[in-house]
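A single structure is presented below for examination.
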Amino acid sequence: MTPLLETVGLQKAFGAVVAANDISVTVERGQRLGLIGNNGAGKTTFVNIVTGHLRPNAGRVVLDGRDITGFVPRQVRRYGVSRSFQIPQLFASLTPEQNLLMALGILREEGMSFWRPARSTTMMAELESLLARFQLQQYRESAIAGLPGGVRKLVDVAMAVTHRPKLLLLDEPTSGVAVEEKFPLMDVIMHALEGSDATVLFVEHDMEIVGRYADRVLAFYEGRIIADGPPAEVLGNAEVQRYVTGTPL
Amino acid sequence: MKLAAAILIDGVIDASWLFIVAVGLTLVFGVLNILNFAHGSLFAVGAYAAASAVGWYFGGDLGPPFFGYLLMLGSALAVALALGPLLERGLLRLFYGRDEVVLVLVTYALFLILEDGTKLIWGAESYYASEPYGLLGNVSLFGLSYVVYDFALIGLAVVVGLLLWLGLNRTTTGKVILAVIHDREISRAMGVNVTRVFALAFTLGVFLAALGGAFTAPKISVQPGISISVILFSFAVVVIGGLGSVEGAAIAALLVGLARSAAIHLVPWAELFIIYLVMAFVLALRPEGLVQRVAARKI
Amino acid sequence: MAVVGTLTAAFVAFAVLAVLGYLLPTWFILVVTLAFSKGLVALGIVWLMRGGLVSFGQGIFYCAGAYAAGMAMRSLGLTDAASLVVLGAVVALVPGLLIAPLLAGYRGIFFATLTLAVSMIAYGILNKTYSLGGSDGFNLQAPTFFGYHPTQPQSISYALFLVASFVTVAAAGLSRVHFDSVRGLLSLAARDNEIRLEYLGASVRWVNGVNFVIAAVLAGAGGALSALSLGHIDPDFAFWTTSGEFVFLAILSGYFSVTAVFVAAILVEVVRSFSSQYFPNTWQGALGVFLLLIILFLPEGLGSLARWPRPKSAKPAAAPAASAE
C-alpha cells in the first residue's frame, strides 16, 4: 500500500540558515509520529513545507501518491492535510461555537451556500458532536480572549480535525499549557481522534508527552534527521541526547 | 523645444509645491501611522492665517514689504503651535492603538470639523493676498514669462527638503524620530519617549501643511474648498512615494508634477485624473510606494 | 426555518412602510426615499466591512447606476422606475467585475486609497465627458411605474417611495439571510484571521471579491434610485466626499444589524435636511463631531445596541479538560 506521506530530499534555506537538509521521510497510515529537536532544528519548517506554507528549494512532497509540492495551504487542506498551530489561530471576535461552525462549514460535499443558514440541523448536530469530543460545551459561547490557553488549544485542534483529514499535523500542542494540564489536554485530543483514521504528526518539546503518545519519533538537528525509530530507542540515542534532550545525570 | 521647456519648468514648479504640501503628510504617517485626511484643512488654515496677516500688514502699509514673507512664515508657525499639540493630545491620542482605518475616519471627521471651523472664522468669501506674489517681479525664460516667486518656491522646497533630511539624519532628535518610524515597540523598549515624539512629529506635520498654505496663499484666491484639492494631491504623492518616506515624497512630487504639467500642455482633459492613474498604476505594481517604508497589506 | 422567518419579516416591513408612506407627509417620504437609496450603498459597504475592508470609492458604482438610469431615460426612452433601478444595479456590475479581481488582494489603508483613486478617476473622466453633461450633469424627467404615469408630485413621490422601499426591504432581507449563512460567516472569519481561513480550505480572495461585487451592485441600485429621486445627476456622485458619506453611514450603523443601516440613513437625512436649512455652515462640522463620538463610544455602531447574544466572558475555569481515563 502506498505510504500516506513521502517527502523526498527536501531542501530549504533562509539565506545562510539551512532549515531543511535532504529530509526524506516516509510515513505510513495510522502512525503517531513525534517530531523533536531544539529550536531552529527544522521541525516547524518541515510542517510548513508539508502544509504548503513554504515552498522547498528542492525536493518533493508526495501525499497518497500525489505530488503536492508547491501547493498552497488551501489546496493542501482540500487533499486532506490539516494542521493545528503552536499559537492558536482562532477567529478572535467569534465565539468558539462560531469558530467550529466555520471549520465544519467549509469543505462540505454540497459546497458552501450563499443563503442556507449556518445553524442548520445537520450542522448543529455535527457541532454538538465536536464540542462533546473536545469537552468544549461549557465554553461554546465564551469570548475567545477570556479563555485559558489550554481551551484555546482545544478549539484550534478541534477546527483542524473536521472533515476527516488523512494527515493531521499538530504544532507543539502542549506548549503554553500549564504543566499539570498537558497530559489531560493530550488525552482529550487523542481520545477525540479515536475512531478517525487520521495519521498524526506532532511537534513537541516535552519528552514525556512524546514518550507517551508517539509510536515513532524523528529527531531533528540543524535541518537534518539524526534519529528515526520507536521512542525508547530515539530518546536513548547518544547523539539525540547530546543535541536535543540532554543526557540523564 | 519651447514646449518641452515649458513642461519641464511648470512641472518642477508644481513639484515643489506638491513636495512642501505632501512631506508633512508622509512624516505624520511614518511616525504615527495616521493618514491625516485633515492635512488639507490644515493647509487651508495656514493659507487663511497668512492671507489675513498679509492683508493686515500690506493694507496698513506697516513696514518694509519683504517683512511680509516673515509674517507668512510666522503665521504658519503660529498655526502649528496652536493646533499641533492641541489636536494630537486632545483628539488623536484618544484613538491610538486602534486600526489604521479607524484613524483615517477620525481624521476625516476632523477634516469636516475644520472645514466648518474655517468657514465660521473667515466666512465664505475669498481672500486675496497677492502683494507678496508680485514683489519679486517677473523673469523671462525660453521666451516664456515666469513670476520669480514661483522659482522662490522651488528654493523653499529645496530648503525644506534639505532641512528635513539633515534634521532627521544628522541630529539626535531626528534619529530618534527615524527610530520610531522604523519600530515603535523597540524604540519604546529602548527608553524613547514615544509620546513626545508623536506630539513633535504631528506638530511638525501641521507646520509643514500650514507652511504650504501660507506660501501658496499669494498665488490663489483663498476660499472654502482649497483643502480638498490639496488633500487629494498630497495623498497621491505620499502614496506613490511611499508612506513615511521623505525621499519618496520628493521623487513622487517630481513625478506627479511633471505628469500633471505634461497633461496640462498635451492632453488637458486628462489633467484632473492623470494623478490618480499614476497612483493606481504605482499601487498596483508596487503597493508600498516607490521608496519602501511600509509593507503593503496583501494576502 | 430561519430563512422563511427573515423573508416574512421583510414582507411585513414592506407592508408597514407602504401604509406609513401613504399617511406621512410628502416631504418626509422624499427624505426617506433618498435615505433608502444611500442606505443601499452603505449596506454594500457593510458587506465589505464584515470582511474587514472599507471602500472609499463606492461613488464609482453609485455613479454608474445613476448615469445608466439617466442615459436610459434620455436616450432609450425607458422611464419605468423599477426597470431603471434594476438596470442601474446591472450596469454597476461591469466596473464591479472588472475592478474586483484587481483590488481583492489588498487590505487596510491600501485598499481604501486604491478605491478612492479609482473613484476619483471616474469623477475626472465624467467631468470632462461633455456628452454626459460634463461637470453639470443633466436632469431626469419623472419616472413611470409599470405603465402608470402619475402627474401629481405626491403620487410620483409615493410611487417612487414604494419602489425604494421594496428594493430596500428585498436587499436588507437577502443580506440578512446571507449573513446568517456559512459564506456570510466566512467574511467575519476573514476579517479576524485570513491565514486560518486559508488553512481551513477557503479562499479569502473569493470572499472579498464576492463582497466587492455585491457592494457594487447595491451601490448601482442606490445610484439609480438617487438619480430618480433627485431628478438630477452629476459627477459629484463619484467625488470622494460622497463616498465618504456612505462610509460614515456604514460606521454609524455598524455591521451587526441590517435594519440599523437604514435607520441610520433616515436619521442622517432628516438631520441633514434640517441642518442645511437652518445651520448651513455647521452641518459638516456637526457630522464630524457625531462621527468622532460614534467611533469613541459606540465603535461597533448603532446596530451593536441591538446585538444578541453577547459573548459571555469565560468563567474562571479549573483544568481545561477532565481526564477521560
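The chains carry the letters A, B and C, assigned in the order they are written, with residues numbered from 1 in each.
As a working rule, a contact is a pair of C-beta atoms (placed from the backbone, for glycine too) under 8 Å apart; a residue touches a chain by one contact, two chains touch by 3 or more.
Predicted, not measured: the structure shown is a model, and the values here were computed from it.
> State which chain is most central when centres are taken as means of Cα atoms.
Looking at where each chain's C-alpha mean falls, the closest to the middle is C.
> So, comparing C-alpha centroids, which chain is the farthest one from chain A?
Farthest from chain A by mean C-alpha position: B.
> My parser should flag the chain pair with the most contacts; which pair should that be?
Chains joined by the most C-beta contact pairs: A-C.
> Just give me the whole-number Å value for how far the CA centre of chain B lies from that of chain C.
33
> What whole-Å value do you get for the distance between chain A and chain B if each is reduced to the mean of its CA atoms?
Whole-Å distance between the two chain centres: 52.
> Counting in whole Å, what is the centre-to-centre distance of chain A and chain C, each centre being its mean C-alpha position?
That pair's centroid distance is 42 Å.
> Could you tell me which residues belong to chain C and also touch two or more other chains?
Correct list: 198.
> Could you pull out which chain C residues touch chain A in their complex?
Residues 1-3, 174, 177-178, 180-186, 188-189, 191-193, 195-203, 309, 311-315, 317, 319-325.
> Spell out the residues on chain A that touch chain C in their complex, using ranges where they run on.
The contact residues of chain A facing chain C are 51, 72-74, 77-78, 82-83, 85, 89-95, 98, 101-103, 105-108, 112-119, 123, 135, 138-139, 141-143, 145-148, 150-151, 153-154, 159, 177, 180-181, 183-185, 187-188, 191.
> In the complex formed with chain C, which residues of chain B make contact?
Residues 35, 91, 94-95, 98-102, 104-106, 108-113, 115-117, 119-120, 124, 228, 232, 235-236, 239, 243, 269-270, 272-273, 276-277, 279-280, 283-284, 287, 296-299.
> Can you list the residues on chain C that touch chain B in the complex?
Chain C reaches chain B through residues 54, 102, 105-114, 116-118, 120-121, 123-125, 127-128, 194, 198, 204-205, 240-241, 244, 247-248, 251, 281-289, 291-292, 295-296, 299.
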